[in-house]
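Just so it is clear, A, B, C, D, E, F and G label the chains in written order, and each chain counts residues from 1 on its own.
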Amino acid sequence: MDSFTAITLAVFLPFVLAGILPMVGKVLKNRIGWYASAVAFLSLMLVAWVAPAVIHGEDIHGSISWLPSVGIDLSFYGDGLSIMFGFIVSGIGLIIMSYSNGYMSTREDLPRYYQQLLFFMGSMLGMVFSANLIQLFIFWELTSITSFLLIGYWRNRPLSVYGATKSLLVTATGGLFMLAGFLVLQSMTGTFDIPAILQNESMIAVIKGHELFILALLLILIGATSKSAQGPFYIWLPNAMEAPTPVSAFLHSATMVKAGIYLVARMHPIFSGTDAWFILVSGVGIITMLAAGFLAFRQTDIKGILAYSTISQLAYLMTMYGYTTHQHPGIGVAAASFHLLNHASFKACLFLVAGIVAHETATRDITKMGGLRKEMPVTFILAVIAALSMAGIPPLSGFLSKEMFYEASLEMGQALGGSFTYMIPALAVLGGVLTFAYSIKLIDGIFLGKRPAHGLPEHIHDPGWVMILPTALLALLIVLFGLVPSIPSHYIVGPTAGSILSETADLHIELWHGFTPSLMMTIVTFVLGILTYTRYESIAAWQNRFNSRHPMISVNYFYDAAVDNAKNITSGFSSRMQPGTVKTYVTALLLLLLVLFIIPVIQISTDVIPAGLNFDIPPYEAILFTFMIIAALGAALLPRYIPAVISLSGLGYLVSLLFIYLSAPDLALTQVLVETLSTIIFLLAIVKIPQRFRERMSTSVLTKDILISSAVALTVFILMINATQGIVSPFESLSHYFIENSLPLAGGHNIVNVIIVDFRGYDTLGEISVLCLAAFGVYNLIHSRGEGE
Amino acid sequence: MSTAGIVLEVLSNVFLVVGLLFVFLGMLGLVRLPDVYNRLHTTTKIGTLGAFGVMLSILMKVGFSPIGVKAITVGMFLLLTAPIAAHMISRAAHRHGVGLCDESVIDEYGKVNTLKKNE
Amino acid sequence: MISMFTLAIIFMVLAIIPCIYRIIMGPTIPDRVIALDAMTTVIVVMLGAYSFDQGSVFYMDVALVLSIIAFVGTVTIAKYLDEGVIL
Amino acid sequence: MNNTLLSLTIAIMFGIGTFLILRRDIVRVIIGLSVLSHAVNLLIVSTGVFYGTKVPIIANDGGHGVTEETGTIFNDVLSENILAPILAPGHSVAYVDPLVQALVLTAIVISLATTAFILILAYRIYEEYGTTDIKELRRLRG
Amino acid sequence: MNSLAQHLPIILIATPILMASLMVLLRSRPQFQKVLNISVYFVLAFLSIVLLLQVWNDGIQVYEVGEWGKYGILLVADLLSAGMVVLTTCISLLSMVYSLDYIEKRSLSSTYYPLFNLMLAGLNGSFLTGDIFNLFVFFEILLLSSCGLVIANEHGGVTKISDKMEATFKYLVLNMLGSIVMLIAVASLYATTGTLNMADISVKLSAMSAAGTMPWHVFAIALMFIVVFGNKAAIFPLHYWLPDVHPTAPSPISAMLSGVLIKVGAYGMLRVFFLIFRDTLYIFQPVIIYLALATIIVGAISAVAQNDVKRLLAYSSVSQIGYVFLGMGLGSIYAITASLVYLVNHAIAKSMLFLSSGAIIHYAGTRDMRKMGGMVDRFPMIALFFLAGAMSIAGLPPTGGFIAKFVLFDAGITDKYYFEIGIALIFAVFSLFYMFRAWLLMFWGEIRDTEKYGDYSAQKASPLILVPIMVLAVAIMVLGLYAEPLIALATATAGQILDPQPYIEAVLTRVVR
Amino acid sequence: MTTTITKTVTRICLPLVILFSISLLLAGHNNPGGGFIGGVMFASVIALTYVVYGLDHIKSFFDPDWGNWFGFGLLLASFTAFAAIPFGHNFFRSAVEFLHLPFFGEIELVSAGLFDIGVYFVVIGSLLFIFKSVGDDR
Amino acid sequence: MKRYIFFAAVFGLIWCFVHGTVSLNNFILGLIFAPLIIHPFMPLYHFERGFSYKKGIKRIPAQIRYLYVLIKEIIKANIMVAKIVLQPKINIKPGIIAVPIRTKTDLGITAIANTITLTPGTLTIDISDDRSVLYVHTIDASDPENVASSIRDDLEKYVLEAFE
């Protein structure tokens, strides 16, 4: 099995095996979770299978023909970045699915749960290994959809539905913009293939100089930030916490939300090294980092705190990937890549802890907890490891990546110079302080202090091994990465950074590296962090006060206002657009017709009125014309139905008389008959419609209608004189053939009738079908009475 | 042309002229006479006779060729149907309360209808 | 040269004027119906004349049909006026 | 067949029909459609491409051969690269254009069918809503 | 004995007409009607695919009705028309199967079968005809058959008959007006060129254009066809009838109307402008682009405003057809391909959505989504299928709708129509919003009306109703996951559309008796 | 109710017009007329009897299912068109035959005539179907 | 059966007339169509009543006489009404009068009613329910008795002879 096959299998096996999961579920019943775990394990093994080659600097790239017409193949690409994500996705997937065996009640719809988890995992793997932009987008949106379904897992709960909707709207919409960005990118490069762009320096140069550069970057970043809950798009993530906790751990902390980060990392070689990149990526990152860290204080739901913390931590990553200068495009790449790995582990671990706590205490409200360390000692230890890692306490992995973040911030500040030299590190430290504070809050709030008198179940204890073991595994990783940083740095972070920077990154991550400025910053962070923590409650109280006083100062407010009022806003538009009366619609049609007629009159015509018009007619025809107009006017203006219909009937007879003069006896015959019949049918209908309604026409309405009518008349007139007199058709007509062949070939003297039944008998077949249709329609009309209610 | 032919020709032209005149007069009556019933007199009688005259004239001119035969068929048909049309319309008009003109001196039909209504 | 029948046709066209007048001006519905019926009679005459003038039997067919069918129409309207129903 | 006054008449009928379909009363709208269909039928007939005046019925000789000179020179033979034969000069036809008549016949029948349907529809609408005012219909709608 | 295969075009049109007459005569044998009709539809669907393969392998197929060459009426099956016919017959088959349990029994056997058959004939006839007046005739068949079907009775229908009638009235008036405009245009075209055969007209106009004697009114005529076909396709500002008509029709008919019928307009536009009025394209395209954008915007915004699920779907059809026309307006081969792919995907997705909403409405007893909720527990399959359809309309992968939007946007951006694609993109977001809003309101959330729920919980959708929905849902996914055949077909079709010479030659170089 | 006078004349007209309609139908190929015109004549005169005698009275002894009429007409028309296919021709290919009968002389038989009869039935059937449906509807 | 043959013969003739060519071929064609047409409408034509050719043939002279009177009266009527129309000032005294009649058969009543309508200044408006009185509008109703008696004596006599 070659590496490409392995990756392909790693991506598609989850889909296939999830597809048959409902069948398997019939056999395994409540143990179906282990089946899902096995699938995740399989994917993990497949990723591990290809990892060595990638670590040794070999890129995997292969494709299967999929949409050759559009130039898109199903192609996969494995480099350091992909492999790291591959490990995170499948590894955490394995952990989560195992954990779920303990967490999910057997009363739940387990097949649906695991099926969607596996679909998600497959999509995520597909996304990170995608070698072309469109394929990436496809898997990207698939993750949005599966996330939507998983958030709404408890689909009858309004809050779940709300959260699911929000996440879908934000992420899928962002995805569409990202797609547009990809298309713009493709219009610059002519290819959707990512490696082809990445490996082509000149192409990247072209992109950077292209006038659409900013547009492409902006569109792609909309996708990335919406997915990673950055900037104003953060709003969906807190509400996504309605999902079952393992889902939150998996999707909304460890993997899916990192898709945006993945995209930024992926696009890093293409867009970085420009001011726009730094301003947009790091700018959004820093703002989000601070805002989300700050907003976490107000949360009382454990998962809420974790959600804001996730947003904030992802913002770290954004910030770091955004650090760039023309000379040194990847200042923060290594730091970011390492922190990414660490965040996946400590945040997933925290979520699992949160899950355990909620599972045991039946609440997620941190204000109702406290002092659980005695009852749940194991959980407590695991939580402390993860939280302290997040807070950046040595010797845990989080400390290392935070140090690297400070280093990169210093470097970036120096590179920028001026006031940035201090501002950027200062902001980084501020972020660290906030992180420190809420990390401590988690431990303190849940496990330390006094057990509240009411609200918690009597017997609280550590859960069974099914839930502890996966959590412990993550905690172990945190400790391991902290103590032996060379393992991640050598096997994961190095290749990742290397693949982004397309140069072998020389990483030396060590626990102790002397009294560097970054260590100073860390110390400052701790000090300030502890100070901040003492003010934690009052800050939270202030936030609550502020929020209730100024509800409008919030992105959520606008989201809710937009979504809730979407219907009202649009229905105003819709009812204005669709007033409902035929008259408006007819007017619209006629106006369009007139406008369309005017276009060629203005643009093309030389003579609107052709020369040599023929006014020569027998006098009786002229009189006949007058009669016709009078009869038509009668039909139009006589106020009551019957006189109008009689007038119309008169018009019909006059028309048939005109047909006589036009040498069309067949037509005259038909017209006479049809006229009489339609008069009878008019009567049939009017019999049942006593006339009560008479339209009052205001002068303005009348003027408008007469104007439109006159314009229509004029249009028809101009068209007719041009079509019938303006040119003499220089071609032979079909009629020549009919006249010539009616008798010899079709055996009929009456050419019109021969056309009707023979030359164009097919038309007549249609025509009699129409007659039948009228009959059916009338039958339906008559028999619809009372039965449709 | 034989004598019979000439006689036929003259007769035919007379019929034509008289027929046309009658048709025209009938239509004139439509404008001039005061009420529905009187107008019906002119259209059914004069119009029909006029039309019949013209058809007869055509028959005389062309003999029993398709045109002639059809012409006389048309004439017969008008004679058959015109009175019915007149009858139906006048009946409807009267029963629907279209009154006689002021010059009218008697309405025995109206009395009957009033009696019926009162019952 | 204008044939006699051409004159006839022009004369008949003039005969339509009163019919149109009544159709439009009424005053009662029966008036209009009579006028419509009368108009068909005039048209029948015109068709006859035209048929002869053109030497073509085809128009006579139209006249024949019109004379029959107009009757149907008039009777229907009359019944409607009288009884308020048709069938 | 092509005459400016005829075109003018037809155009005016179009105008009147248009005015009618802009009314609020359903029955008026239907009358308007009828007027329009008369107008369009006349329009089609007036677009016949010949200048002949004879009724397009070949005189009957009792047999089945062409005895009457139809006046056409039919030479629309498709040869290579000539897909659109240009009419020979001095070419005239004694008949009026039969094709447009056939088209109008079809159009008349179709409009009869449609008119019948829409009239019964109008009656049923009146029955359901108790009015033929289009604006009222809208208001009365559930 | 000549091969039946050469008669395929006419069989696809005339068989439904024959069937309509048989169905009238067999009114008293409902069971026989059912079996006969369904089997014939199966055969027709199969034959239409055979026809498409024929065209694919042997080139454009021309069928001379009555063997009069271009002087009579020709049926022309090129990739476009044959493809449309395949779409039509397949969706018709599914809708018909669905109807068997959905339409009220008496209505079904008395008028529904013949009306439906004639509608199918009208569709196939419109797609296959090579004669512009014949197109008018078949349009009329379509018009009246759809009117008749809109007022057909559903089982325990929730749509008030008065609403149906009001909608039908609007539909009729606007379409009769459209027919009149079409007649004016066709007659003027005949006066100018002396022919009704589309290929012939095309050649003659080209000859005039080449000679520099093309009269200006040809442009006016050409633009009139925008009104004609735009009215059928419901593009702005001719879309007004659609949101009234499509929702009030019985659901299988809504599926046909939104799925296939409005595509006739798009087809007509492609046929007429790219075959006949090639010399006017430079005026047509900007016009149609702006109309398409307006259509997209109006449809999308209005769809958001709806509470009635079928009305929402109808507005969405308006918006979506705008995308089809946008592709047409962009005009490159890739854009036309996109337009066609879009057309097919929308047809399938929208038919599916109407059918599934029908099933839901059938049991919920209301079309108001706010009164529904939590139906996923009762109808898990339909919820899933509806989701697939919603994703397709919203343009999300892995559905066909994504491929369609992607190809369209790609084509637009390749040709540097940034502004147009920008608008299209923004309103694609609207479609995401309204489709998922509908899905959520119907299937998720609290169970709104317990009494109603009790009613429909007792029943399950019958297989005859479920299977067509499922087939279409599978098609949506297949077109998303394996779009290559469709795109290849669409590309070849677009090639034929942009280069009509083979069409013209196939039609005009024939021996005439 | 209408009067005796009208009824009597209607009775006279009825066969006359039906004959005329058949005449128009058969003449159609060579003279003005044809299936549609003939059919409308037929339908009109039946409508006239409906009007004059009242629908119910006529239905008491003459109540054909007009639906079957147009069903048959459409069937006939499409069969005629299809009939060419077994003969190795295209749909709607017409055939002209001249039949020599001892008494009538030469009679021209055209397949299109059969089609026209189909049209005739469709027109009669559909129009009267509409009339009757509406008339039955109280 | 007799009636059938009678009708068939009449129809043969009518066929010739509507066809426009009076010939044996057409007559026979009409003959063939007749039974087909008449059959469904039998109840309208009183097939149950007796029918005899003798009576029919005997009536022919009377019918011719009736036709003669009719034409004479029609011409008189037209001239009279034409005069009225052409008067510079319309001066008439119209009215509706009741005219009792003796005729009992449908055909007779119809004939008399139509005759009245086609003759001078009179117009049948309605027939009473018991079919014994015709209501006639006359353009000169100054002497109703006179009008009624002239109808009875000059017209009805001939109608009775011809159709009863």
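Keep in mind that, in the parts below, a contact is a pair of C-beta atoms (placed from the backbone, for glycine too) under 8 Å apart; a residue touches a chain by one contact, two chains touch by 3 or more.
Computed from a prediction, not measured in an experiment: that's the story for all the values here.
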Third chains touching both chain D and chain B: C, F
I'd like to verify one number: the distance from the centre of chain E to the centre of chain F, where each centre is the average of its C-alpha atoms, in whole angstrom. 36
Whole-angstrom distance, CA centroid of chain F to CA centroid of chain G, is 30
Where chain B and chain E are represented by their mean Cα positions, the distance between them in whole Å: 58
Touching at least two other chains at once: which residues of chain A meet that condition? 580, 582, 586, 633, 665-666, 669-670, 673-674, 676-677, 680-681, 684-685, 687, 716, 720, 723-724, 729-735, 737-738, 745, 747, 749-750, 756, 758-774, 777-779, 781-782, 784-785
Flagged in chain G as touching 2+ other chains are 18-20, 113-114, 124, 126
What are the residues of chain C that contact at least two other chains? 14, 16-17, 19, 33, 35, 56-58, 60-62, 64-65, 68-69, 71-72, 75-77, 79, 81, 86-87
Pairs of chains that touch, anyone? A-C, A-D, A-E, A-F, B-C, B-F, B-G, C-D, C-F, C-G, D-E, D-F, E-F, F-G
Any idea which chain C residues touch chain B in the complex? 4, 8, 11-12, 14-19, 21-22, 28, 30-31, 33-35, 37-38, 41-42, 44-45, 48-49, 51-52, 55, 57, 60-61, 63-64, 67-68, 71, 74-75, 77-79, 81-82
Would you tell me which residues of chain B are touching chain G in their complex? 22, 25-26, 28-29, 32-35, 37-38, 40-42, 44-46, 48-50, 64-67, 69-70, 72-73, 79-80, 82-84, 86-87, 90-91, 94-95, 100-101, 103-110, 112
In the complex of these two chains, what residues of chain G are touching chain C? 18, 20
Give every residue of chain C touching chain G within the complex, in rising order. 57, 60-61, 64
Listed in rising order, chain G residues that touch chain F in their complex are 7, 11, 14-15, 18-19, 25, 28, 30, 33-34, 37-38, 40-45, 106-107, 109-110, 113-114, 124, 126-127, 131
